[in-house]
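Everything below concerns the one structure shown next.
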Amino acid sequence: MNDISWFALGSTVVVALAIGIGVVGPAFAMGRAISSALEALARQPEAERSIMRTLFIGLAMIESLAIYVLVIALIILFRNPLLEYLLKS
Amino acid sequence: MNDISWFALGSTVVVALAIGIGVVGPAFAMGRAISSALEALARQPEAERSIMRTLFIGLAMIESLAIYVLVIALIILFRNPLLEYLLKS
Amino acid sequence: MNDISWFALGSTVVVALAIGIGVVGPAFAMGRAISSALEALARQPEAERSIMRTLFIGLAMIESLAIYVLVIALIILFRNPLLEYLLKS
Amino acid sequence: MNDISWFALGSTVVVALAIGIGVVGPAFAMGRAISSALEALARQPEAERSIMRTLFIGLAMIESLAIYVLVIALIILFRNPLLEYLLKS
Amino acid sequence: MNDISWFALGSTVVVALAIGIGVVGPAFAMGRAISSALEALARQPEAERSIMRTLFIGLAMIESLAIYVLVIALIILFRNPLLEYLLKS
Amino acid sequence: MNDISWFALGSTVVVALAIGIGVVGPAFAMGRAISSALEALARQPEAERSIMRTLFIGLAMIESLAIYVLVIALIILFRNPLLEYLLKS
Amino acid sequence: MNDISWFALGSTVVVALAIGIGVVGPAFAMGRAISSALEALARQPEAERSIMRTLFIGLAMIESLAIYVLVIALIILFRNPLLEYLLKS
Amino acid sequence: MNDISWFALGSTVVVALAIGIGVVGPAFAMGRAISSALEALARQPEAERSIMRTLFIGLAMIESLAIYVLVIALIILFRNPLLEYLLKS
Amino acid sequence: MNDISWFALGSTVVVALAIGIGVVGPAFAMGRAISSALEALARQPEAERSIMRTLFIGLAMIESLAIYVLVIALIILFRNPLLEYLLKS
Amino acid sequence: MNDISWFALGSTVVVALAIGIGVVGPAFAMGRAISSALEALARQPEAERSIMRTLFIGLAMIESLAIYVLVIALIILFRNPLLEYLLKS
Amino acid sequence: MNDISWFALGSTVVVALAIGIGVVGPAFAMGRAISSALEALARQPEAERSIMRTLFIGLAMIESLAIYVLVIALIILFRNPLLEYLLKS
Amino acid sequence: MNDISWFALGSTVVVALAIGIGVVGPAFAMGRAISSALEALARQPEAERSIMRTLFIGLAMIESLAIYVLVIALIILFRNPLLEYLLKS
Amino acid sequence: MNDISWFALGSTVVVALAIGIGVVGPAFAMGRAISSALEALARQPEAERSIMRTLFIGLAMIESLAIYVLVIALIILFRNPLLEYLLKS
Amino acid sequence: MNDISWFALGSTVVVALAIGIGVVGPAFAMGRAISSALEALARQPEAERSIMRTLFIGLAMIESLAIYVLVIALIILFRNPLLEYLLKS
């Protein structure tokens, strides 16, 4: 196999693994946050607005972590800056 | 084996593993969220509407994480941008 | 072994592993959801309808994750798009 | 060893492992569901019918996950579509 | 070693491992179910009949998972359909 | 080493490992069941007969799992059907 | 090294490992059972006889699992049926 | 493969893994913090302002850890100082 | 290295590992049993005799598991029956 | 690959891994500290000042640990003293 | 390296590992026993004598497990019976 | 690669790993200590001075452990006494 | 490398690992014992003398386990009896 | 690489790992002890002196374990007795 083949194969493998591993943490965190929001709702139904606001801000923060992984994965898949060095050589 | 064979084999293997690993996190998170929603329902049956709304938003957010993995897996399987470099060379 | 043999063997191995690993998460999640539904039933028997509705929606969402793995496994086993590149070369 | 031998050996090994690993998740989930049903029975003996109905639906859903693994295992053992490519070549 | 030897050795090894791993899950699940049944008995001795009925159905469902592993193990040991391809070649 | 030697060595190794691993699950399950029976006895001494009956049925079910492993181990050690293919070749 | 040497070395190694691993499960189970018996004694000193009887039956059942491992270990060490095939060849 | 190829491949692989692993910790921490904030809200709705302030400061601190990983990943991907030594040689 | 050397080295290594691993389980079990005995003593000082009797029987049963490992270790170190086959050949 | 290439590749790989692993501990610790601060706020809103002061000092101490890792990573990436020995030779 | 060198190196390595691993279990067990003794003392100061007696017997039993490891380690280091076979050959 | 190169690469790798692993323990410990301090503050606000004093002494003790790792890492990176033997030879 | 070099390197490596692993168990045990002593002090300040006596005896017993590891490490480093066989040969 | 180089590299690597692993246990133990001291302070502020005395003795005992690792690390780095055998040969 030549260099480009190895590079393409390695990038594909690692992108799939990274996204597979990288959603585990955010998924657990979301599960925990939603679970607590539901418990809070059951205990204080009249505080629904502030609970929902806090939950949405929290989910957005956690989602941002998953987006970091997705962005890195898409950069590697579609527009890897290190690929130019390979194409040049 | 030539380059395309290795690439096809490697992509197939990693796609299967990624989807296999990547649903573990969202599954746990969903289990936790649904479990809390049921507990909340049992404690405050009259708050059913706000509980269901929160649960559905939460499940959608968690499902989005599993969709990220699925999308990456389908991109690799059907339309991998790195495959063009291989076909060219 | 020639290319097709390696590809067939690798695909078979990884499909079996992926489905074996991929049902663990949904199974745990289902166990947790059903367990909570039963506890909720024991605490609030009169809320049976909303509990059952929430449980069924939840089980369907979790089942969808297992279906993702099954679909990817069946695509790899029966109609892998990457196989065409191999058959051509 | 020729191609068919490797393929047969690999398939046998991976089928046994997949079924061995794949029943762990459903087993835990069933244990949890049955355990909760028994606790619910002890707390609300008069709700036996709705508890049993929920339990049976839940066990069927979890059993379906184990069946997925079993089906994939039997497909690989008895009627693997990828085997034809090997027999042709 | 010739093909048949490798196949026999590999099958033997994997059968023993699969049954060794495959009883762990059902064993834990049974332990949990029996444990809950005993606790339920201690709390509601008069509900013995419905508790025992639920326990027996549950143990049968869990046992079925262990039987899946045993059946696959015995198929591989005594009547492996993939062995014919080896004996033919 | 010739084929029979490898086969004998591999079988011996895997039998010892399988029985070593395979008793862990049943042992934990038994410990849990007995522990619950003792707690139930301490809480409801007058329900001793139904507790003992449930415990014995449960221990027998768990023991059956360990027996599966033992049976497979003894089949491999004393009367392995795959050994005939080796002796013939 | 000739065949017998490998066989003797492999058997020795695996016997030691199997007994080392195989007592972990029964030990934990015994610890749990004895611990529960002591708690039960502290809560219901007058139920000592039925507690002791249950404990002894339970310890005997768990000990039987450790004996399985010991028996397999001693069979391999002193009278391995597969050794005859080696000595013949 | 020449030096630049190895370097590009290795950097790509490690960047994807680092971001995949590196968001796990912050995700769990965020999940925990948000969960506690929601519980605190449910217990003391009138302390919402100080709770939100503490939560935001905390999330910012945790986000900073994920940013460290992202920064190192982007440095390696876009502007690795060690790359110059390679290009020179 | 000749056969005897390998055999002596392998036996020494595995004996040390087996005893190192094999005391972990009994140690945990003993810690748990003694811990429960002390708690029971603190709750029911007047039941000291039956507590002590149960504890001693339990410790003896657990010690027997550690003795199994020690006996196998000493057999391998001092009087390994498989060594004769080596010395003969 | 020559020496400088190996050194650059190895350094890059290890820097990414170190920062990826090194933020896990501080992240968990921060999550725990913030979580406790929020619980303390909910229980004693009037002690807000001393709670916030303690939290900030604690977060600074934990952040210092992450900074240690970042500093070592940046030293290795930008100004590794061991690199001079390589450049000299 | 000749046989004696390998044997000496292997023995040294394994002795250090065995003692390093082998004290973990007894250490945990002792920590648990002492912890329970202190709790028991705080709850029933007047039962000090029977608590101390039970604790000392327990610590002696746990210490005996660590002594087993130490004895095997010292036998291997100072007076290994398998060494004679090596010195003879 | 010559000796100095290997030494520089190995030292760099191990320094990064050691600092990455070595801050995990202190980070967890700090998180726990701060968490307890905040809980103590919420329960006994008037004991703030003695709580803060104990917390600071504790954090200093834990920080000392992280400093040990940092010092060893800096010694290896900047002034390794074993490097002289290499430079001499 | 000659025999003495391998032996010295192997001994150094294993000594460092053994002491690194071997202090984990005693450290946890000490942490647990001290933690319980502090709780006991807070619950029964007037039983300080018997608590302190029990704690010191316990810490000494646990310390003895760490000393075992240290002694074996120092024997291997300074006065290894197996080294003589090497120096002789 | 010659002997001294390997020895220096191996020693450096293992020293860094040992200190990195070896502070984990003491760190956890310290965190636990300090945490308990703070809880004890919050429950019994008037017992501050005996709590602080016990805590300091405990921290010193745990610190001694970390010092053992540090001492072994510094001996290996600065004054390894096994180095003389290497320099002689």
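When the chains are written out, they are named A, B, C, D, E, F, G, H, I, J, K, L, M and N in that same order, and each has its own residue count from 1.
One rule holds in what follows: a contact is a pair of C-beta atoms (placed from the backbone, for glycine too) under 8 Å apart; a residue touches a chain by one contact, two chains touch by 3 or more.
What you are looking at is a predicted structure, and each value in this text was computed from that prediction instead of being measured.
Steps from chain F to chain L, minimised over paths through touching chains, total 6. Relative orientation of chain B and chain C, expressed as the C-alpha superposition rotation angle, is 25° to the nearest 5. Rounded to whole angstrom units, the spacing between the C-alpha centres of chain A and chain M is 43.
Computed centre separation for the pair chain L/chain M is 21 angstrom, with centres defined by C-alpha atoms. Rounded to whole angstrom units, the spacing between the C-alpha centres of chain C and chain G is 38.
The multi-chain contact residues of chain B, meaning those touching 2 or more other chains, are 7, 11, 15, 17, 19-21, 24-26, 28, 30-32, 35-37, 39, 41, 43, 55, 66, 73, 83. Viewed as a network of touching protein chains, the structure reduces to one closed ring of chains, two contacts apiece.
Circular chain order, beginning with chain L and continuing to chain N, reads L, N, M, K, I, G, F, E, D, C, B, A, H, J (contacts as defined at the top). Those residues of chain J lying in contact with chain L across their complex are 3, 6-7, 10-11, 14-15, 17-19, 21-22, 24-26, 28-33, 35-37, 39-41, 43-44, 46-47, 50-51, 54-55, 58, 61-62, 64-66, 68-69, 72-73, 75-76, 80-83, 85-86, 89.
Those residues of chain D whose C-beta lies close enough to touch chain E in the complex are 1-2, 4-5, 7-9, 11-13, 15-17, 19-21, 23-28, 30-32, 34-39, 41-43, 45, 48, 52, 55, 59, 63, 66, 70, 73, 77-78.
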